[in-house]
Structures are given as C-alpha cells and as structure tokens.
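Just below is one structure, and these are the notes that go with it.
Naming follows writing order (A, B, C and D), and every chain is counted from residue 1.
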Amino acid sequence: MAVMRIGHISVRVMDMEAALKHYTNVLGMRVTHTDADGNQYLKCWDEWDKYSVVLTPSDRAGMNHVAYKVEKDAELDVLKQKIKDYGFAVAELPAGTLPACGRMLQFTLPSGHEMRLFAEKECVGTDVGSIDPDPWPDSIKGAGAHWLDHCLLMCRFDPEKGVNTVVDNTKFLKEVLNFFQTEQVMVGPNGSIQLASFLSLSSKPHDLALVGAPTSGLHHLSFFLDSWHDILKAGDIMAKNRVRIDVAPTRHGLTRGETIYFFDPSGNRNETFAGLGYQAQRDRPVTTWTEENLGRSIFYHTRELTESFINVYT
Amino acid sequence: MAVMRIGHISVRVMDMEAALKHYTNVLGMRVTHTDADGNQYLKCWDEWDKYSVVLTPSDRAGMNHVAYKVEKDAELDVLKQKIKDYGFAVAELPAGTLPACGRMLQFTLPSGHEMRLFAEKECVGTDVGSIDPDPWPDSIKGAGAHWLDHCLLMCRFDPEKGVNTVVDNTKFLKEVLNFFQTEQVMVGPNGSIQLASFLSLSSKPHDLALVGAPTSGLHHLSFFLDSWHDILKAGDIMAKNRVRIDVAPTRHGLTRGETIYFFDPSGNRNETFAGLGYQAQRDRPVTTWTEENLGRSIFYHTRELTESFINVYT
Amino acid sequence: MAVMRIGHISVRVMDMEAALKHYTNVLGMRVTHTDADGNQYLKCWDEWDKYSVVLTPSDRAGMNHVAYKVEKDAELDVLKQKIKDYGFAVAELPAGTLPACGRMLQFTLPSGHEMRLFAEKECVGTDVGSIDPDPWPDSIKGAGAHWLDHCLLMCRFDPEKGVNTVVDNTKFLKEVLNFFQTEQVMVGPNGSIQLASFLSLSSKPHDLALVGAPTSGLHHLSFFLDSWHDILKAGDIMAKNRVRIDVAPTRHGLTRGETIYFFDPSGNRNETFAGLGYQAQRDRPVTTWTEENLGRSIFYHTRELTESFINVYT
Amino acid sequence: MAVMRIGHISVRVMDMEAALKHYTNVLGMRVTHTDADGNQYLKCWDEWDKYSVVLTPSDRAGMNHVAYKVEKDAELDVLKQKIKDYGFAVAELPAGTLPACGRMLQFTLPSGHEMRLFAEKECVGTDVGSIDPDPWPDSIKGAGAHWLDHCLLMCRFDPEKGVNTVVDNTKFLKEVLNFFQTEQVMVGPNGSIQLASFLSLSSKPHDLALVGAPTSGLHHLSFFLDSWHDILKAGDIMAKNRVRIDVAPTRHGLTRGETIYFFDPSGNRNETFAGLGYQAQRDRPVTTWTEENLGRSIFYHTRELTESFINVYT
C-alpha cells in the first residue's frame, strides 16, 4: 500500500501572529521552519517529519492543499500513471518546491480540492526520540496534540442536479490511491445518496473524511489526543486561551471519536479528538448511517446538528 | 499489503469449564461455536469474524498455533510461493479444517511456533452492528475486551551458541509477510543482539511481539481496551473474579501501552492493554531500547522486571 | 455540626412509568418502596439510607420539598428552636409521615421552597455492603449514579424591587443550619448583588446551590459520578435511552465540576457530575465570580450561557 | 466541629537538596518559606494556607509531628481542656513557634506520635486565586498534587501483651477531637482485634489512618490527585525522575482509592491517590475488613501484601 497517511495540510490565515500563538499555545505545535514568504511550518511533538501544518498569510481563511505521504519515492511514478489513466490531470512539482520535501504529485479532486502526494520529507524525529524514549516529552505545551490525524473536506453536493463529489472523490481515492471505506452516511430516497464518506489507509477509523455541501471547502483539520481525559484538558486549555469553541466535548457516532471543535483565529475549524474508536480493517463491514440518524452520527449525545457545524467552514 | 492482522489464536486449557468462565466473565468474550471435539470458539464484541480465540482441551497449557488473516484468498497462493521461495515448508489445509474458516497456509516459524494464514472466515458482525451503531453494546460483560490484538511469542535465544530466533522470525515476517518493525530491544556488546522485536501490519504499535528466551513458548495473548480507565475497571473485574494477576496496572515503555497482565485458570498469560500509544507507520524511526533500560522498556514506572514476568510462560 | 447532607428530594412527575424507567435505567437507581398513593422511593447503589428520591404523581413537574439529614434526633429540637428564634414558622411532622423516616421539621425558605430536616431513616446499607466490600457492585445499571449529591434552587430575584432570596436563603442557611459558603456570583454595580450562592456542609464544593431568577423553582437535582470517564459513559447511556440532553459534557467554572445536564421525561432537569473539584473547608477563601465571567462560571469551555439553561426549570 | 483537616506534617530528610527536588519536581509543591535553621516550608497549588509540608534537616528520616487545623482560635482553649480532662499532658506553643502559624497545642498520642493543633496560619491563597479562577493553574509542575490529604501512622501493636495503640489513638481522636471512624481492619480470634483504623473529619474517606505495627512510625504522607488519569501521569513523572516506586498504580479496597506509593530520597514513603472514593458521613455504616481479606483491603487487585509495604517505614 503506497499511500500511508496525511503528510501535511496548507491552510491560509489572516493574522499570522495570532495563528502562531494558537497553533503553538493551544495545540502545542512548534515552528520548525519559516520561509522567505512568511509561510510557517509546524510539527506536533509525536510527529517525526519536519512539518504537518503549513500556515500561509492570506486575506481569507481556508485550505491551499492537503498532501498525503507515500512509502517510497518510486511509487510516485506508478501513482502518477494511475492518476493519468484514471483521466485526471497531474503535475509533478520538483523537490524543494516545499522546504525539506521531495517531489510532489499535484492534482485536483472532483470536489475541487488540491491534493498532493509526496514520499520524502526531512525526518527530524519525535520530541521523545527513538532511543529509550519516554512516553511523552517534558516540554508539552497546551493540549499537546500528538499528530495531525486527518481533515474533513466539504464536497460540492447537489443531488438534484446530479452533482455528488463525495461519491466522485471516494471512487478515485479507493480505486487509485488505495483508500478503503470505513463509514458512510446515506440519505435521500431509500438511502441511496452518499452524503458522507470516511476513508482510511490504516487501522484508524479515518485518514480522510468527505461530506457533501453546497460549496466545497475545508470543514476542519483534526489532531489526535490520547484520551477522553486529554479532551477535557484540551477544553480547559482552550478556555484559558479564550479560543472560540464550536462544540464542547462530546462523542461522535461516526468513528466513536471523543471530540472538541473550535476555530483558529482566522476561522479555520480545528478538532482535537481522542480514542482509537475501533480497529479499521479492509474486511470490516462498512458502517452505514441513515438519514434519520444523521444528528446522532455526528453528535452522538445530543443527536442534534448545530447550525454552525453544518454551515460554517472555510 | 496482504496480511492484515491476527485472526485467531488457538490455546490449550486444562479445565475447559474454568477457561470458559474466565474468557467470558473476565474478558467478556462469548462462545460462537463448539465443535465435536469440545473445542470452544469465542469472539469479542467488537470483532466481526466468527472467532478470535480457540480453546482446546489438553493436559497442559500453551499455544497450538496463531493465525493471521490476509485480505484476499488469491493472495494465499502468492504467499505460499513466497514462503516456499524463502525456503520454508508450507502446507495448505483445506477450507473447513477449522469451522467457518477458509483454507489455511500452515508453516513453522524459526522459533518453532506454528503459524497459519487464512483469508476467509464467516463474518458475523460486531455486537453493535453496521447500521447506525452505538459505540458499545448494552450487553458488555466483564472487562469488555474489544478484540484480540496481538500475542507475544517467546523465541529460542542462545546468542553464545549463535541461536537467535527473534532475529530469524523478524527477518521472515518482514521479508515474506510484509510486517514492519516498530521497536526492538538490543542487548550484549555494543547493543548488537536483538533480544526483542515488535512488528506491525497497521498503524498500531504491534500486531506481533517476539522476545528471546531459553525455550520457545507463548508469553501472552493480548486484548484491546479503550482507555486507562478501562484498565482500572478490568483490574477490578479480575479482583472480583479472583483472577491471578501477574502485574498490576502500569505503563509499558515499549509501545507506551497501559496494561495489566494476568493468567487464565490454566496458566496462559493474558494481557489487557489500552491506548493507541503512537501512530505506527513504515517510515517512523524504529525505537530502540538499550540493555540498561530493559526494565524501563517493559515496566516503565518501576523500571524493574519481575521474576514471574520473565520466567513464567506456557 | 448537626446538618450533614441532602437526605432526599421529592419531585413531581407526570408519567410515573416513564419516570421510573428514567431514574432506574438511565441513572441506575432502584425502587426500594412504593406507597399506597403511588409515590415511588428510590436509592442509588452507594447510598445507605432507604431512599434519596421520592417521585410523586402529578400533573406538573417540579419539587415538593428537599430534606436534609441531621446527625442526631435530639438536634432537631435545638434546630427547631433556632429556626423559630430566627423568626420562621416551623412545623414538626411525626415519624412515619414519610415511610421509614423519623420525625421531620418542616419550614419554608425565603425563596418559597419547602425544606425539611430529619435525623432518622431506615439504613438499608449500600449495594456493596460493609464487610470486605468491592468498590462497586456487579449489578450497576445505566450511569450508575453513586448518590444524590445536591440540588440547585432557583430563587426569586428582583434586585430593583429589593428582592433577593438568594441572599435571604444564604443568610438563614449559614446562621441557623451551619452551612458555609464556598462560591458566589456577584453582579450589578460594583458586583454588589449576589446572583448565585453555593453552600457546603462538608468537604465537597456544594451541598446546596442557589441562583436568582424571576420566579422560584427547581433548576436541577444532581447525582455524583466518579470520574470524567463516567461522564462520557453517562452521556452514552443517555444517548442510548434517547434522553433529552440540555448540555453535553463540559466543565463548570464554579466547583470545577465535570457535568452533563439532561431532563427526566417530565422535564425536571437532572445533572450527573464528577470530580471532587476541590477540598471545601470553612477557612477556604470564598470564590467570587464577576458578572463579566458569568458564562465562564457556568460553562467554563464555551463561556456562553444557553437560553434553555437559564430559562427552563420546573 | 472544631478540627477541620490535616494542617501540615513535619518530616525529617537527610539530603535537603534532593528532598526539595523531589517535593517540587515530582509532587509539584513550591517552597513558600525557608527559616534560619534550614527548614523548608512548602505548599501545593490548591492549598491556601502558607505550607503543608515542613522539611527539616536530619540524619534520619521520619516524622517530627503532624498538625491538624481547627476552625477558630478560641476552640483551642476548649480542646486544651478536653485533652487534659482525658488525662493527656498538653503544652501550648506560642504563636510564631512555627513561621506564619498561630499558637499550637502539643501532645503525644498513645502511639507515641507528636500531634499538634492550631487555628491560624497565614492564608496566601491557592495558585488560581479566588476571583474568576481557572480550574488549575498554568504553572503546574510534576504530578501537580492538589493538597496534602492525610498521613498513615504505624502504631505500636502487640496484642499478646495487651498493647494496641491503634485502638487507643482511635478512642482519643473520636472522643476528644471529634474524628469519626469510616473503616477498620479486624484480625485475630473472631475478628476481635482492631489492626487498622481509618478516621475522617469530612466527607472524605480518611483524614488520618492508623495501622498496627511492632514499632510506631510514619508509613506515608499522602497527596490528592484528581483522577485515575492523573495517577498514570504521576507514575510517568516518577519514572522520568527515577523515583523509587514501592507499588505501581492500583486500587485500594479500603477507601476505594486509586494510588501509587513511592519514596522520597530519604526513604519517607509518599502516596499520590485519586478519587473521592465514597461520601464519608457520620451515619455511614463503618466498613470492616476481615483478616482473610487483609491483602485485598490494601491492594485490591493483586490481593497480596508486599514485604516492603508492611515492613518499610520511617
């Protein structure tokens, strides 16, 4: 399996100073590189590659691109051909296009999101190192996020006009990039329309999530925490830092994850979530959520979707 | 990647009634099949295949074989050839050799353990089902183990005589079965001797663990729990059931796991452990534990190995 | 110190069958007595007296009375005199007025709530007993509430008209019943108006809470859980039982408690909360919350009061 | 009720620098005063009085005295008389004998331990303050102990010679200082000999514990943590600081507490424990542990006492 995991996400922020304060003090990331254009590169303490979040100065929020890492550089050639054969345009960006990062394949998902694939990025090691490591470093800040875990992309969805880029993205990601589906939300007549699709590359319930919406965008980028207790602590940290919280601690039906949603100062939604949930596997029966359980699939406790959660994204 | 995870383990028990009481009341498994020879087949609530533990009546404890599941039946032919090419004898057991289970490849690891590979087993679904599922079933018993997660095999190890089946097993598992190494313990002069090897097929820190010992055997079979809180509850359940506990709740250095070790009534060691630990990946730097940190690698808190933990296995 | 803790609360329910299902399946209480009028008496597993909640059939929700337990029967005579001396009318209800309960003093707080004091109630023991007890019983149902911990009374409050029964209640409870104050919310010019008052009889942050409101009523009755983990489990239990949840898991600023608010089928608000919070003591400086931190004092994470939480009570 | 809680404990240490490192880096206390004799005074972040632990330089470990705080200064006169009337010698140490501390009553328990009572100590406030406080301070170090909670005194016990200072201490503490008993361990013929006695002044399961032993001494001083999760974190902190751990995380039968025992560098045993356990009350039936459940009463999971836990104290 060539594609391994989310490698990094590049997001736009409108106030870099506030953004850096947020991603370092609240999430606990640290800056590992700053480039000449003022882009900031950050990593979590439990990540070994040089960065997983790129913050770029802009006048509006949102995602520039999301990049997934493949195991070996040679696999990029195979994947490039497979993407072409699937009928998508694909460019190759040379090594160094992003600092400390090897060549990248660049293409556009049916939903309009830019996706990239790369195989090489400078390995700087986790903050506990690889020799006789402690389970966590002394220097943990804020919520102490372990790693960027996944993102949720809002995908253009207008079933009356025959538009459903959730389905289109899913098909491509499964057939070409070897993702497998773990869960889906089916709505409409006889539950025939796929409104949401959760995809994995690993034994985690999702490495990428897709949800249908009037326009495409970034719903959230999500960071892994170890436990429900760390979710409480994360909420406390957010409160101390006066972070705008969207949804207080609760559990998802989808993935069983324990979660808090909140916003960075530019309005990009973040999630901290905890719990393995279940062991995702390619032979595990796909979980299907029905329309009448839509609220419960997202917010398992209250079983009600909130306006902001559906309509606010970047 | 063909091999996905541990499919089941077959262990010998000397008092079947006591064993069933243990695996159902303490671990929370349930019997899904009993065959004519009195073998008992059990599954955990969060597993979808028909069984993960086979208990066979015997006059001594220990493991009969451990079986790993591969994704597709056709891959068994490829794997059979690869195993042969590696120089190992491999037999093919026809479908139905084990109830509800497809054909199996059967071979012996350098350590002497019998290993099997299969691709098909009757899927009975998890106890919460696949449509609008709750995160856990109402019927949870005992510790409510989610799934059989891995096992630890004690592997013949006599470096003075040039015997190290930890290394031999590791080589085979990596080269032929596509496991990757996440952690190792290195001892001896210049840390040149691999005493322990942890291997993964997923994003979990281990799907199989190997430790050197004077004779080969089964150190423990391990079940996944969700959180450190569930470890406490599991300890309480064991106390209520007067289970013989080997090591009270603590944390491992290796894998960062939170754990309790205990024995089934026949003396087979069980583990309940919790926590994802970290995100295992093929490009994550291998963690190495040195001889002077051996105690800490196993029991992170006390940093001291106990006699029973090293010397008692089946 | 004569007054020890909340002894029971008597609340009205409109559908007894639904109410019993709620208090037993969701909170995990059990019925210990039913009287000829159809009143139901329930206890939690960790309580030793015969009941802590009395459900009375009615056509509207709300509280009939709240009763506090004093250590010795003789103290009731002293307290009766003290209450009279304070200027309040006080009646004495003979033993047996409530089943299994000794004589009760009955009086009305300035807020209009009926309060009672009693010293004797049949001791049936906790569900784990007093000889070599396990830490929790095998038979736990639902959220497994340990005990009725406190209630929050909404108290008539119209400072412009000089009405503040939060203050009036507090004065009486401190001077006559020996409660001490742990926390308060101060609003208005120079923070001179006490909007909320938390009172303790023990080392817990509150045994009774008072909040100002246009009309008096019952805001919630609250049950103790052991940990934040148990709060998550309680939320899951509520979801499974389709309980109407008011506020999903979060933390309070006041008392530091971890909490979920929800409604019984008649609309009486319940709380499950966890965590000792801090060690309340008579010499601990009183915590004061200012008006600008009102939201944060209640919902520490989001820092925003919700409409329902302020305006809905019985 | 005059006596409120443990006010401080004065313990001897043989290496002050190592001791300070331990109590600050591991437990998270901070030094609030150092006197001319080199005695160090420390407090936990959630305590409001100036200190709860006094470290005195010595050539051997152990306890100098334990002091309990009473609510009002005038009560000291009453208590002095009561102690005298009980037949014990009692001295009065003038204010300032200990820095920032009012006058103290000084007397010797039947077990030979020095006990003191005081009513006034400089209130410096908790580290979160009393106005709109966060639930925990930003500056938490190490295990972040909330407060010194209780101590366990080993009391001379030789029932064959008619010596049982557990009983003698208990009688005095109940009759004169208004402690009440929550639990006891009864051994010997017909369970007639009280080996251990747990005493409370609050709604916590113990404010002072007494256990019989060949010679009197200090078994441990204990610090409160919030949750089982914090116990894990505390164990991790101890491991990082290479603290000598006596008993890895487990649960007590007595009090239901979740615990780790460990030693300060001089060999004084410390405990961090979590969980309210249950609501102690004067009318709660006393819990009795029988001799055959002795191991289970201490270490609920393994049900076996360890040599060190019984025989090592200072």
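Keep this in mind: a residue touches a chain if its C-beta (ideal position, glycine included) is under 8 Å from a C-beta of that chain, and two chains touch if they have at least 3 such contacts.
From a predicted model like this one, the values you see are computed outputs, not experimental measurements.
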**Q.** Minimum number of chain-to-chain contact steps, chain A to chain C
**A.** 1
Q | Mutual neighbours - chains that touch chain A and chain D alike | A | B, C
Q. Same or different for chain B and chain D, where same means more than half of the interface numbers show up on both copies?
A. same
**Q.** Centroid comparison with chain B (C-alpha atoms), farthest chain
**A.** C
Q) With chain centres defined as C-alpha means, what is the inter-centre distance between chain B and chain C in Å? A) 49
Q | Intercentroid distance (Cα basis), chain D paired with chain B, Å | A | 43
Q) How many angstrom lie between the CA centroids of chain A and chain B, rounded to a whole number? A) 31
Q | Two or more partner chains touched - positions in chain D | A | 135, 227-229, 236, 239, 251, 296, 300
Q. Based on which chains are in contact, what kind of graph results: line, ring, star, complete or other?
A. complete
Q.
With touch defined as at the start, can you tell me which chain C residues reach chain B in the complex?
A. 134-136, 138, 227, 229, 236, 239-240
Q.
For a test of understanding, state which residues of chain B touch chain A in their complex under the given definition.
A. 1, 4-5, 46, 48-49, 69, 71, 123, 125-126, 130-133, 135, 146-147, 149, 202-204, 224, 226-229, 251, 253, 256, 275-276, 278-279, 281-290, 293, 296-297, 300
Q) Can you name the residues of chain A that touch chain C in the complex? A) 228-229, 232, 235-236, 238-239, 242, 245, 247-251, 258, 260, 296, 299-303
